[in-house]
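These notes open a run of structures that come right after.
You will see two complexes here that share subunit A, one where it goes with subunit B and one where it goes with subunit C.
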Partner chain A sequence: MLAQLLVSGFAQGCLYALVALAMTVVYRATTVVNFGHGDLVMAGAFCVYVLVVLAGADFFLSAALAVVLLFALGWAIQAGLIRPILAGPHLSLAMMAIAVGYALRGGARVLWGREVLPFPKVFPQGIIKLGPVILSPSDLIVAGVVAATLAVLAFVFLATPVGKTAQAVFQSPRGAALVGIDVGAFHRTMWGIGAAMAALGGILIAPITLLYPDMAASTLIRGFAAMTLGGFGSLPGAVLGGLLLGVGELLVGAYVSTKLIDITAYLIIILVLLLRPSGLLGRPAVVRV
Partner chain B sequence: MTGTAGSGTDRASFAASGRVFWLLPLALLGLPLVIGSYVQYIVNLTLVYVLVGVGFNVVLGNLGQLAFANAAFFGIGAYATGTLMYHLKAPFPLALCAGALAGGLAGALVALPALRGIRAFYLAIMTLAFGELMRWIYINADAVTLGSMGMQVPRPTLFGYVLVTDVDKYYVFLAVVTLLVAATANLLRSRVGRAFTAIRDNELAAASIGIPTARYMVLAFAWSGVVVGTAGALYAALVRHVSPEAFNLLELILHFGIVMVGGLASLAGSILGAAVLTAAPEMFRDLPGYEELLIAILMVAVLLLMPKGLASLLARASPLFRQRYFRD
Partner chain C sequence: MPDALLVVEKLEAGYPGQRILLGVDFVVRRGEAVVLLGANGSGKSTALNAISGFVRPTAGRILLDGRDIVGQPPHRAFAAGVVQVSQARDLFPDLSVEDNLRLGASRRPDADMPALLAGVYRDFPVLAGRRAQRVRTMSGGEQQMVAIARALMGEPKILLLDEPSGGLAPRFVREIAAIVARLKAAGTTMLIVEQNIKLALEIADRFLVLKSGLVAERGDVTRATSQEAIVRSIYL
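And now, the complex of A and B:
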């Protein structure tokens, strides 16, 4: 029982980790917290739905196309909407992210109304038995994709100049520009990558949760919970937080009450911020006086 | 005239000029004579959202804190009022006060994490979680809240007189809204309001010149809660159905949009924003999605073209307004 819960929670947590990871990449690279990320996840899943169900395209081709499309969307959002107000207060940036997400949600509702759509069953069905633990192939695929994404990100941020560029831009965009970094292009690319990762998350989440315009809210808050738990802005923290959240939800559901599954993420956010705002792996924020 | 309140006569004329603004609620007294019943309902709803915007703006615009618990305050006010009227058959004025009080208490509660040094995005995320947590409570405390189906609020009564039509409600709403907006305007123009602004602009500097920032922060959140809680109470009386779905994330985004489209830290902006964002979506009520697109486009347009919101249009048009209510 416990082994099964841990494994299933781990699989669920991989999805949360992917969402949190994408938000962390955008935050780390551009200091903007993307409150519209949940809607980008939804948009990615809808892209695949349109291509596979309505246009009859191959699933893997559609998924790749959706990732590319969302990359372009993220790039365009930064270039057209975020950049002009980058010098403004946090509040404006938060509002812009929310407005973009709201527009995506409205667009999805215009096209599909209020119905909940079943996502095509693209992953192989059936079960895999590992001793007492039962797994579905989609669990393995999700875990594999998340692990691969993490490996790529770790490589890019730790072993290439991108990591140092991100650090420089995060600390001082002006200083980074002075030493010859194209800050604008860097921001655009990172928004694109964040949105592409959102598409990846959407493609993996939608077969599990069904597809509807309002799927963003729970996705967003779980992503925030994972980020907060692991330490805001820490890439390994986002993964650790996501996995712990996934496992925690199932443990709470099994041993306390199933009603509490929905609020585990909210309680984690509130408790972590009250007791240890820097999370598990984050560094305490230093206030400059 | 450069200084706004230099000498004694200046101060007197400045105060006198402010009385012009009382003409607005007076003129609105005659409104039900010229509009139909459906429009009357929309006008009442607008009044509710005027309070929502004005209350939210105190925290967001004047205090400068990124707190997203507004839909929670709104819901707590509505549920407090609804519960008292449904279970205990309390008269409406009493339930209204209870709604305001519950909202104020919730506001003070939300201010506590802010006192622990939680700011900016952390505060936003935490208050977001608080709002969703409240929604879970509405659904699961079904002995009191009747769960996700929501509760049917009885007709509001005022001193034995039952408020049946929307016109009856309109006059009660207008009185309550005028009172609270005037009170908020006075609060923001007083020493307290200046302390809010000081905290927004530089919290450390404010503390260093002897402003008790913690006390003012709790006060701002509590007052915001009172105003928005009252809006919730009016909402319960107007719609007469209180359910968890009315206070979800979409509702919060609408509140946020009202403040931002109207103009941060502008009282008149919130009133304008409430009018625009309540009336405009009604045109699309049968077309799902267009309402959200419209609000999103308005928000983006304001951010890119008019960072100080619709209030800056008003300020350009009216010198009197600019002098009193619009500062950079």
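And now, the complex of A and C:
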């Protein structure tokens, strides 16, 4: 049973890792934790639903279109709602992100109520047996997408000038502007990429959780817990945190009580913030010069 | 004026509810060092920030090499050739000296990075031995050197220095003065805000005194220039 729990937890954790990765990209580039990210995940999934189920479009074309649309949405949120208050306190930015998320959720509720909708079947059905362990094809697809996303992000942030630019903008936006970086454009692009990744997450998560306007709440808190556990700003940390959370939830559910599954993420946030605020792979908070 | 590099005309700028510059005019010629003097709040830093794009002017013109750059955001002012060393330095504290320097040239597509780095390390030998050191671990004077060196990596047409000696120990003030003198000898055009009047008169070709949002006095720096007279002009 333990092996099955570990593998299933790993698969579950891949989804959390994807959410945490997207939030980390935005945080690394802009210092803002997007507390509305979960609702962008929901918006991405609903985009695909509308295009496939209501408009009859091809699934993969719809998925690509949803990613592009969410990129535009993230870009627009930064340009229209975040940028004007960027000089204000961080709390305002967090509140704006939450407000945008709730507005998206409210819009979905107006259109679809609280109904739980089936998401188009996109993954091959059936099971894969590896000895005593059973996997579904969707587990492997999600794990593959997370690994590929991490590889792309690691390459971009570690092996291209984008990485140094992101660090510069994160550490001193004014300093970045002094060396000619268009800080506003960089922020908008990173919000766009974060939202596009949210769409990708929504497309992968919705077949498992099904589709409903409130699907974002649990997604967000688990992504945030993964980020906290792995260390804010660390891409590998986001993945590690997501995987450990996924495995941890199932182990707690199996060996302690299933009633604790839903609060595992909150317990992790509390424990990490108390015992190791920088997370497993994060660096201690910096003091700006 | 044929050799004018920077022409500021009737510049008005400030912050919400606070007008600071009320029509400032001045010119900086190629290769010269001009120092902006004035009491606290007279608008010296506002003038620099308006030229580098961090403050949006409400009226007036800023011509760099004949091209109006007034109201351009900082990255466009940088692209035009305005590079500023800010009062707070605004370095990247958790990056190494060399990363800071490389970022200084990262938005110059034609930059010859190895040559620029070699030039900067020649001019700032103390940085050559510390290229891998994180900037946050350096002293204030060393950080100021990194800030000036980073700005030079951006190959400025005009270098704006905002209080280069501010908050530094006397030893570093002398060093910064020597660096500015070397830059001047090398033909770098500079507009400098400096509170230390003695230092300012040592390094500048000309001075401007800002008072009540306008240029109250201007002149060439000569041996006869009286420090006391300038202090009187600033504060009386």
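Annotations
The working rule: the second predicted complex is superposed on the first by the 285 of 289 C-alpha atoms of A that agree within 3 Å, B and C clash if a C-alpha of one lies under 4 Å from a C-alpha of the other, contacts with A are read in each partner's own complex, and residues count from 1 in each chain.
Everything below uses one rule, namely that contacts are C-beta pairs under 8 Å (C-beta built on N, C-alpha and C of every residue); 3 or more make two chains touch, one makes a residue touch a chain.
None of the values given here were measured: they were computed from a predicted structure.
Judged by the touch definition given at the top, the superposed model places A:Q167 against subunit C, while subunit B stays out of reach. Once the two complexes are laid over each other on the shared chain, residue contacts for A:G144 go to neither subunit B nor subunit C.
In the overlay built on the shared chain, the residue A:L81 is in contact with subunit B alone; subunit C does not reach it. When the shared chain is aligned, subunit B comes close enough to touch A:I98, but subunit C does not. Of the two partner chains placed by superposition, only subunit B is touched by A:F232; subunit C is not.
When the two structures are aligned on the shared chain, A:F224 is found in touch with subunit B, with no touch to subunit C. Once the two complexes are laid over each other on the shared chain, residue contacts for A:D182 go to subunit C alone; subunit B is not touched. Comparing which residues of subunit A touch subunit B with which touch subunit C, the overlap comprises 289. Touching subunit A in their complex are the following residues of subunit C: 52-54, 73-75, 78-79, 83-86, 88-95, 99, 102-104, 106-108, 135-136, 143, 150-151, 154.
Within the complex, the subunit A residues that touch subunit B are 33, 35, 81, 84-85, 88, 90-92, 94-96, 98-100, 102-103, 105-111, 113-114, 213-214, 217, 221, 224-225, 228, 232, 259, 262-263, 265-267, 269-270, 273-274, 277, 289. Here subunit B touches subunit A in the complex through residues 60, 64, 66, 113, 116-118, 120-122, 124-126, 128-130, 132-133, 136, 140, 204, 248-250, 253, 256-257, 260, 264, 287-297, 299-300, 303-304, 307, going by the rule given at the top. Of all residues in subunit A, only 161, 164-165, 167-168, 171-172, 174-184, 286-289 touch subunit C in the complex they form.
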